[in-house]
């Protein structure tokens, strides 16, 4: 199929490449002319564009524009601009990490003009070019069906992963190929958002576990209670046959091979929004999510020194017990 | 090799079978003569025994006895009895879920007589017979080396799982085959214990996420903010290419196929000790484990109705605000 | 001073009474004519009004209208209506539990017409009539100064509570009397909101503690490790000289006197918004608030039976271990 | 009455003084002769002793020895030694912060010789000399009754605190005076331990709240969403009439007067054991205590820099997303 990819960063660029490898014609655009040039030279059959107007002029109806930009204002501006350039029946896809409530507003606005909005949540990171991207998307059935060949090309496919038994015909066969039409506009990013909330929790579970293993050699313990354990080997052994095997564990095992002290990392951990939004959604639904909040708060605290809360604690201890902080 | 398997429940029975399939001669013993008879008929080359004394008499030195019993008193009693029956150079293996601090005492006691103690933490559950068991074990190097062929047979092996790149020669090659000599006695169960702590956290991460997805259709939300999402398809789509793919996710996907309301489950979730012990270990080491504790507490609360803490909350609300509980 | 009280429920009615006792003339209005009649008969010098228009006509400039309604739409509608009836220099006070971000919008709207908006967060519950109300408010200095006599009458005053030593002249002397001008519009409800977040955390701390004390007699413990403890006496003893003494503890002690099993409470605990908003604010600020979230989640869970998350946990346990739930 | 005070640190010294002011004769002993000399000169009617033997020789039967030492080995050794020096009917009181399970063992040992053991948990810190000590104690009824005059002198008494209404005759009148016989040996320290668990949770609730208030001026927020709030005034205003008023709040207000940035504190917060033990007890009882654990973990993290768990998180993020940590 023919489509445009707007935004050729690490994600958009690789997606354009993967699409061209699968025979799609991709019109390329990015704020950076260099990025366009680079992907244009790598993606067979791709076409360079110089502006959103140029992008639109190079497509044929129904025109499909995949926007792959960092979440936030720039995505909103781009979708709005596309709304002014496109016409009834055209399709705008937001493949970034937008807030699903923004999707609801954007879809509504575009619908006034008969333009379809599809929000695609994408997981797979830098590995997607080779492994394929796991995608959850929302939008009208009509739009979803129309862009199906694009999504199928981007997705990993069934591959060698063992199939779930007894999946009935009421279930969506696309799920087995790694992409899923979740529901109306906004639902794709919603599901991706929760995916990231789970990811935070899983990461924190491993992080806590490896910390307990590492600190089993801590000076705080009596000497005969200490074990000096090899974290790299432990991560490796769990990869085969254990209940905690996962792709995240594979990544841990890989990272630990080099130097299990992980000197290349400071441990200051950013968060990119989805974790927060998942907690917000959970609170709106009255659903307890203690693991997700604990995971987010660990990241907050990892990025600061001692905070005001901790000083307040020290102040109270001094107040009732005359406790002086340790030097 | 020749060894005895004491305890032929779901775990021990399957292990005896797997060992016999790999050509080992297994002396079988269980409190239940029926269990012995059943496994004896299935495990080629196995030998039935009628008592611990009989077990020991049927082995040749150095005698190897694998104890596979529920954690706790019965394991302790059996190990102690074996201590009285075995001699210098023999090996007692505890493959159950014993508390690692109990191992330290048991190993010390057996060492007085020159008997080796090996503690094996085993992950893999009911799938181990076919997939192999992931094992972490502690004990002397001498004992570990001697029983290596047994462990190799029980382990999954390298299989088709992609190998971690650049594993150096300072790392233990057995880890890639799914078994690992972690360190001295107790360290195997310690590592398995933390494994379970991680497992609790991962399970809770998925559980919270699927709950947020399910409740996105909650009556608490304004109607235009609700999505009716298909949890079975979402679990399935994440299995291919997403950051949250894992074996636990595979199991979720499988369970959800049948009826995504999960009517066959009440949601009262037991815990088997390791989660508690991991938290205890973390506290001894001054390591924060908020995700593990939240996971354990969710299980506690899942097994009761409204607890006293919640009544106290209601009592305070009534006290300061005259708040009457909703009917 | 002369002012109007709009909303004569448990809070507004008592405030009108307290103001009239302090010599203020209160114009009374409520949707319920009965409520107006009742308070009018109790509040000396008060004047009944029949509509917002009537309220406004009975005041003299600068007119002061205190709105004391449940948070949400009705407060917004009333403030908006008052905006159309009042003029430059008049003052609208929202004494309810409004969301502080709503205040920002309302204040801005009223400011276009030169009307002052003051948001008052009020703590003290049903006890305020006698003890006085602790109040935190936001708005212009001009408005805050003008309504000072009203707030001073509603506040508890210095009373017999020991004074904090060395409060310098840069601090606001009103704080010692139990009311405080926190900053611009919205800041009063913001501070009250955090107050409630703290309240949730403190309540949960007591609730957990009393639960641990009560369950020290649990069948789960070995018999020689159990204590049957008197929760009512323990709450009482802590009221004198302990680090955990507080007004909330006083309320616990009072509630426990009757029957320490608290049979009159089910333990299904509502939450009224401020706890959620505090967590939202904390997340916006990157501040970890694990205690506040745990407190809120306990309330969520107290209001449901076993939730979907817990069923997911059971489903996974069945998947990897064949674990059947206990009957 | 006549009794001995062993251990004349900040707590024991002040208790000896308070007892002498109430007319008791106190035999004084401490490892430090200077400490003995100092308290002897201040405590009217007190008697200096030079060893535990000397302590015992200076008392008359039934001899009462109050041990007021830091928890742990030294308390155990002292109680054991006293066990060898005392006789049937004598009373050993441990007023320190011992682990209640140690009490069980110590009481049992002393009981063999007919010596009573009383464990007293004490709250009140450096303020106890003037305000009196809140005490929870365990032991035989006989011993508890015998030492009642001592405890009554140490306790705050009813004072001016409003009395709880309708306390029935089945409740212990001593609770109103600030001391309580909780149950058998060990129960005093158990109740005090939970008291500290609650204290941790309350402290953390305030700490989080003040942090949210302080950071409302954070650069992370849009400028029109920031408030610069006065934490000292807010702490003060809550002291009068609010739901969160407490002694801990009084201490916060006092600490914040000086400099609300709290520059004298680093925010590295020790914990003294009781918080950990409360969590252990809760886990033994299957009681969820998320607030208490979150409070303890905040303290753990306050004492370290970025930990291994956080490095693991960064390593995973790098693995799946190529995310480089911020500089």
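Quick notes on this structure:
Going by the order they are written in, the chains are A, B, C and D; count residues from 1 in each one.
Criterion: a contact is a pair of C-beta atoms (placed from the backbone, for glycine too) under 8 Å apart; a residue touches a chain by one contact, two chains touch by 3 or more.
This is a predicted model, so every value here is computed, not measured.
Judged by contacting C-beta pairs, the busier of the interfaces A-D and C-D is C-D. Ranking all chains by how far their C-alpha centres lie from the centre of chain D, first place goes to A.
Look at where the CA atoms of chain C average out and do the same for chain D: the two points lie 31 Å apart. Put simply, the C-alpha centre of chain A and that of chain D have 47 angstrom between them. Chain contacts: chain B has residues 125, 127, 204, 206, 208, 211, 215, 243, 247-248, 254, 286-290, 294, 297-298, 301, 307, 309, 320 touching two or more partner chains.
Of all residues in chain D, only 10, 125-127, 203-204, 206-208, 210-211, 214-215, 247-248, 251-252, 254-256, 262, 265-270, 290, 294, 298-299, 301-302, 306-323, 325-326 touch chain A in the complex they form.
Listed in rising order, the residues of chain A touching chain B in the complex are 104, 123-125, 127-128, 131-136, 138, 155-162, 164-168, 171-172, 174-180, 182-184, 186-187, 190-191, 194-195, 197-202, 204-206, 208-209, 211-213, 215-216, 218, 220-221, 224-225, 227-230, 232-234, 236-250, 253-254, 257-258, 278, 281-282, 284-292, 294-295, 297-298. Residues 243, 276, 279-280, 283, 286-290, 293-294, 296-298, 300-301, 303-304, 307, 309, 320 of chain D are the ones that touch chain B when the two sit in their complex.
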